[in-house]
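Below: a set of structures, written as structure tokens.
Both complexes shown next keep chain A, but they swap its partner, so chain B is in the first and chain C is in the second.
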Partner chain A sequence: MSQAALKDTSVDVFEKKQEWWWAAEKKRSTRLDYLRKAIWKKGAIGGLYAPGVKVDLERAKLHTQKAKEMEASPDPFVMKFAKILAHVLDHKTIFITDQAQLVGYTGSLPHTMAWDPSCASILNEEAYNDPTAIPEPVEENQQAIREICNYWIGKSDLDKMMPVFDMEDLMKMLSGSIGWGVPLARGGYSNKDYEYIMTGKRAFGDIIEELDRKIDEVDAEVHKPGATAETAKMYDKLNNWDAMKITLEAGIRIAERYARLARIIAENFEEDPERKEELLKIAEACEQVPAKPPRTLQESFQYDIFIQMMSRNEAIEGAWPSRPDYYHGPYYDKDVNIDKTLTKEEALDLVGEFLIRAAEVCQFKPKWTREGLQGIDGTWVWTMGGVKKDGSDACNDLTIAFMQAARLVRVANPTFSFRWHPKVSDEVMREIFECIRQGLGYPSMRHDPVLIANSMHWHGHPIEEARTWVHQACLSPCPTTKRGYQPMRMANATANCAKIIEYVFTSGFDHVVNMQVGAETPDVTTLTNFEEFFGVWIEQMKTIFSILVRAVNRARMLAPTLTPRPFLSGISERSIESGLDTCEPSLARGNAWITAFTWVENIDSLAAVKKLVFDEKKYTLAELKEALAKNWEGSEEMRLDFVRNAPKWGNDDDYVDDIMLRCLDEAAKFSKVLKCPSGNNWPILPENVSGNIHYANIVGALPNGRRLGDALYDGGVSPGPGLDKNGPTAVLKSCGKIDHITGGRAFLLNQRLSPTQLAGEKGYQLWRAYMRTWADLGIDHIQFNMVDDKTLRSAQKDPEKYQEVIVRVAGYSAHFVDISRKTQDNIIQRTVQGL
Partner chain B sequence: MSRRDEKRQAYTSMLIPEKKEDNGTRSVGQKICGTCKNYMESSWSSDGRGSCSFLKMGSNISSVPPVYMFDGKEGYMTKTLSDAAACKYFNKMKMIDKDGYECSDPIYRRSMRQLQQND
Partner chain C sequence: MTTCQECKSFFPLEEDQARGDCVQRVKDPRQAYYMAKPVNAEDDCSSCASFHKKEFVQ
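Our next item is the complex of A and B:
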């Protein structure tokens, strides 16, 4: 749209046409408009990065240079690593963009993606082999990448881990058929001990003082006459504390560099007096945090950004667990309501900018990650609302400000997930509804009472700790407390569950990757009844889950010595107290889960086999096995029978819903057999991100009628696209049969609603009634797409005009034009439910 | 040899990255495993490791004459850029997408520089 047309059209007209993105552009402040338009979108479009977005070689070069320098250093590894991190922070390029009030970036330029080559040498070739992301001059930088790749071979975290992993399990995992991700403490989803670091009681300077006291005490202790096993362990503690201190001091130094830069610009170059004031305020903020606790909303946001930036220099973090309204809310209240040093509009600008800064964060990731998280860099699912530790409503004015700012800046990442409970006010619910109605696809809704009980049931978190929970990734709850927080969720405990049913027919042999991956169960044609068939399914399920969990358990146990996290430890109470790395399993209560991708295919497939093979005896298992082996070729009529005439999940049909409950029950029982290194359970969590597209060519034909190459179902417990034919209440009733406390850790449910039907007050009341049913049924999650087919089809045809259309993909949102055609089609195919 | 030893021997080549001195611009032949329908790249690694879904472990398409094994369960481990000129089972795939933005598709490999002029 031309600027003139935009100027001439009123907000009302845009809103009536449901062109919310144009309305937002007209409504937001000049600052937010500038910052929003200056974002370099770094989420991959399908599998590749967008033109212009480049790998940041500075980070990789600094890290490699220091690692080379320190090869002969007598320091223990944890201190070497801390010094490398400090070197990176001390030397990385810093900049402040026009209009910004908040600073701190992962890359050295706005369009770059930080690349850490020290995690997994086997993945480094990705940077080398992808010509689209290598910065100019390409040939020279390609050679630099080659040298970096070569240096890290044999030295990266994964290279150190590989010799001590089980090779057979590792190969099965690396085949890419059953798992997704790497078992590394520096690559996955890091929660934080926010109750320690984000409550205003302390900051880096206070922690450094505490560390000095501890170091002096223990140093004196080890040098007293006498020696025991405990004394021997104290040296490790001292090294860990030293390493933590090195990283925290580096954190303060980089903030001081930002402060200096802001002052230099203000005092020497900036001519606009207003902007000059803003730059001096940035300088003051960076002199205050992270050294000292924040005093204002701006400083509180700045503190959070610094912590995230530093943590993302220490590790590749694919998520951003956060509860911003809860932890920053008191500063909003102080600045806006009590001291009145900020107007609501000024505060909204800061909130909007905070969202934009998060949207800009990016670390270069391998292609399988990009495919599984199309359109975003990672799952920044920020947790809103919920209850306080005492059970009272935690919503505040900042909760509302975040909802309003989200509608103005319309970024796809971060997204919000709202912890609903019965005490949430109508005002807050209306703000949430507006976000959903305006097509953001978020907040997703979480049932707080159910999920608090779930946390207590599965991991034994005490109620006060359970109530602090945030999303550690897309929808997995995790407390933010000393023993409850999980420092790293390793993504490879992500099971491609459609393989369970596939392996029942192949006796565990994977014909796609050409390897025996599953259990060597009897030939399926020898099974004579459904119970035997189901027994084989259970064995395959247990085998797949076990392979993945064994790898993570091993990595968690090795992490404190092979892949320590000194910075994350430095902001964790349990590490400050104990002198042990925060990944040390004995310090944590445990909060593990198996993400169950492509779960519902099992349910529909089992129901189809039960009905058409065992109940009606229309086909034999031998016929079905042959049809699947041939990818249904030559058996189209039979395939359609399995699609059309077998019951499907999501229609309130007990025949198939009971199978879902049996499968979950078996998984839940086995979840308590599997134990994490902290001794806690491994519940499953069905969801998909865009793994349903990534796995399309990896999962073979299935008895639900699916062919190799077809997109898999989109949600954790969402019915197959277009297969939920009995309306929205039937979907809820099916999902409501699951016990969302004991059945698993969480269950992702996608729903599409009609934006036309939900217009105005009537629309809000319809949605509230629907949400009451959802709440009454105790369903833990639901999220909505509210963009009509016409808009989505138009966006496919004319993407330039629809750059700002956002859709809910799975546990995250993305701009529709940034996801692959196959994923776009999959979203359009989802049933639009009329309420 | 224990079963564990056998597996270790078979898998070692897949798990240890190779140091390379060239800058990757060397030309590759028209017939490489990466453009064969029987090839499946590991979706996990990113340096072009994969397996043949037709030949089994013990095959060697670079020896003279090539060795073809069809028995056994484990597939023949190969790489995207392995020369398949001598493999009589080479079956050229059709590249579907030209820009590489689509995913879960054979063109997954198209982003590899060496394959760009190879369709």
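Our next item is the complex of A and C:
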């Protein structure tokens, strides 16, 4: 829309037309408007990054240069690695954007993506082979990338791990057929011990003092007369503590660099007195944090940004577990309500900018990740609301400020997920509803009492710890405590579950990647009844899950020595105490889960086989096997029979719903057989991100009537698009039959609601009634799209005019124009529920 | 040889005048910002496109 048209149209008119994105642009402050438009979009579309976004060669060169220098060093690996991380932070380019009040970015310049060449050689080859992401001059820089790639061959984390993995398992996992992850501690995401580092009790300087005490104590101990096995272990602890200290000191130094830059700008370049003051405030904030605990809301946000930046300097972080209203709330209260040093509007500017800083974060990632997470860099699912450790309501004024800021800046990522409980106030619920109604696609809603009980059931977290939970990534709760937090993406054991039912028909042979992946089960045509058929399904399920879990378990066991995380350890109480790397399994209680992509395809397929083959005897397994092998070619009538005349999940039909419960029951039983290296369970978690599109050409034809190449269902326990025929209550009733405490870790449910029906007070009351049903049925999750087809189709035709339209894809939100056409069409296909 | 310490963009560290930052103003297609890159006072910048001679060199 032209600036003139925008200026001449009132906010009311835009809101009446439900063009929320234009209304937001008019309502937000000049600062927020500038900063919002300043973001370089880092999400990929169809696997490709947006024009102008480039790989950060500087970071890769600094990392590689220091690694080469350190080769001859006698330092143990963890110390070398810490020194490399410090070198990068000491020498990287930094910047401060005009009008910004918060600083800190993973790359060197705003349009760059931080690239860590030490994680995986296969990732490095992608940097080399993608000329669109190589900075100018392309030829020269491609040569530089080649030299970096060549250096890391054989030296990257994955290269070091491969010889010590079960090669058969690893090949199957990395084949692209059954898995979505690489078994690496530094490739995934980490939660944090926020109870240790974000409660205002300590900061980096305090931890360094503690480390010095530990080092002095143990140093004295090892030099006493005598020597034992215990003494021998202490040297590794000394090395770990030293490495932690190196990274924390580097964190303080880079903050000081930002402070210095802010002062240089204020004193030498900036003429506006107000902006000079702001720059001096930035300098003060960066001189305070992360060395000392924050004192103000600005410093609290700044501290958080530095922690995230440093964590991303150390590892690929594909998520951002956070509970920002809970941990930053006390500072908001102090500044706005008690000391009154900030007005609500000034605080809203800071909150909005904090969202923007998070939205712009990016690390270069492999193509399969980008295809599964279209439009975003990673899933920054921020957890809001919930309860405190004593069970009382944790919502505060900052909870509301975040909802209001989100509606103003309309970033797709971070996305919010709200921990609902019966004592949430109407005021907060109305703010949540406004976000959903204005088409943000978030917050998603989580049933807090169910999920706290779930955490206690599956992983034995004590209730006080369970209550601290944040989303580790899209959906799974994880405590933020000493023993509860999880330092690595155990869900690198993500399973493409549609392969389970596919392999029943192929005896485990995968025709897409042309190798034996699943179990070598009997020829399906020899099975004589549904129970035998289901037995084979169970065997394939166990085989696929076991392959993935074995690989990830191995990575976790090896992580402390082969791929340590000195910075993450340095902000974790269990590592400061013990001197061990934070990935050491014995220090943690365990919080693993298997993310189960493409789960419901199994249910609908099993129901179709049961009905049309075994109950009605309309087809034989031989006929079905042949039809699937030919991708239904020549069997369209048969295919439509399987689509239309077999019951589908999500219609409150016990025939198929009972099959869902049986499948979950078998998975839940097996989840307790599988154990993580901390000795805990591996429950499943059905959800998809955009795996339904990514796997479209990888999963073959299925008995639910699907062809190879068709988009899969959008995930979790959501019914297939258009297959839920009996209205929204039927969907909830189907989902409500699942026990969301013991049935699995969590269950994603997408629903699409009509923006017209949910307008005004009547709309709010309708939604509240719907949510009461959801809560009463004990369903753990639900998320909404509330954008009409007309807007989405217009956005497809004219994307420039609809840049800030957001949709809920799966466990995350994205701008509609930033996802592929296939994904867009898939979202439009989702049934609009009338309440 | 022209060195960084002769340039307007060079800001030495108080505690070590041999090191400092090269501070530049940048306007990219989306935003304007100031950037700082660590450099040494004696670094050769004869071929630096951003070099602007300071009026006085210390």
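Just so it is clear, the second predicted complex is superposed on the first by the 833 of 835 C-alpha atoms of A that agree within 3 Å, B and C clash if a C-alpha of one lies under 4 Å from a C-alpha of the other, contacts with A are read in each partner's own complex, and residues count from 1 in each chain.
We take it that contacts are C-beta pairs under 8 Å (C-beta built on N, C-alpha and C of every residue); 3 or more make two chains touch, one makes a residue touch a chain.
Just so it is clear, the structure is predicted and the values come from calculations on it, not from any experiment.
Asker: Report for A:264: first if it touches chain B alone, second if chain C alone, otherwise both or neither.
Answerer: So A:264 only meets chain C here.
Asker: Taking the superposition on A as described, I'd like to know which of chain B and chain C A:38 touches: first, second, both or neither.
Answerer: After superposing on A, A:38 lies in contact with chain C but is clear of chain B.
Asker: If you tally the residues of chain A touched by each partner, is the higher count for chain B or for chain C?
Answerer: Chain A has more residues touched by B than by the other partner.
Asker: Look at A:111 in the shared chain and tell me whether it touches chain B only, chain C only, both, or neither; answer first, second, both or neither.
Answerer: After superposing on A, A:111 lies in contact with chain C but is clear of chain B.
Asker: Which holds for A:46: it touches chain B only (first), chain C only (second), both, or neither?
Answerer: Touch status of A:46: first partner only.
Asker: Based on the superposed arrangement, let me know which partner A:321 touches: chain B (first), chain C (second), both, or neither?
Answerer: neither
Asker: Can A:515 be said to touch chain B (first), chain C (second), both, or neither?
Answerer: In the superposition, A:515 touches chain B alone.
Asker: Return first, second, both or neither, reflecting whether A:743 touches chain B, chain C, both chains, or no partner chain.
Answerer: In the superposition, A:743 contacts neither chain B nor chain C.
Asker: Would you tell me the residues on chain A in contact with chain B in one complex that are also in contact with chain C in the other?
Answerer: none
Asker: State the interface residues of chain A toward chain C in the complex, per the touch definition above.
Answerer: Checking each residue of chain A against chain C gives 34, 37-40, 52, 90-91, 93-98, 109-111, 257, 260-261, 264-265, 268-269.
Asker: Sort out for me which residues of chain C touch chain A in the complex.
Answerer: That would be residues 11, 21, 23, 25-26, 28-38 of chain C.
Asker: Note which residues of chain A are touching chain B in the complex, please.
Answerer: On the chain A side, the touching residues are 45-48, 121-126, 128-132, 139, 142-143, 146, 149-150, 153-154, 159, 162, 167-168, 170-171, 173-177, 179, 366-368, 370-371, 374, 509, 511-516, 693-698, 709, 820-822.
Asker: Can you list the residues on chain B that touch chain A in the complex?
Answerer: That would be residues 4, 7-8, 11, 14-15, 17-24, 40, 42-48, 51-53, 56, 73-76, 99-106, 108, 111-113, 116 of chain B.
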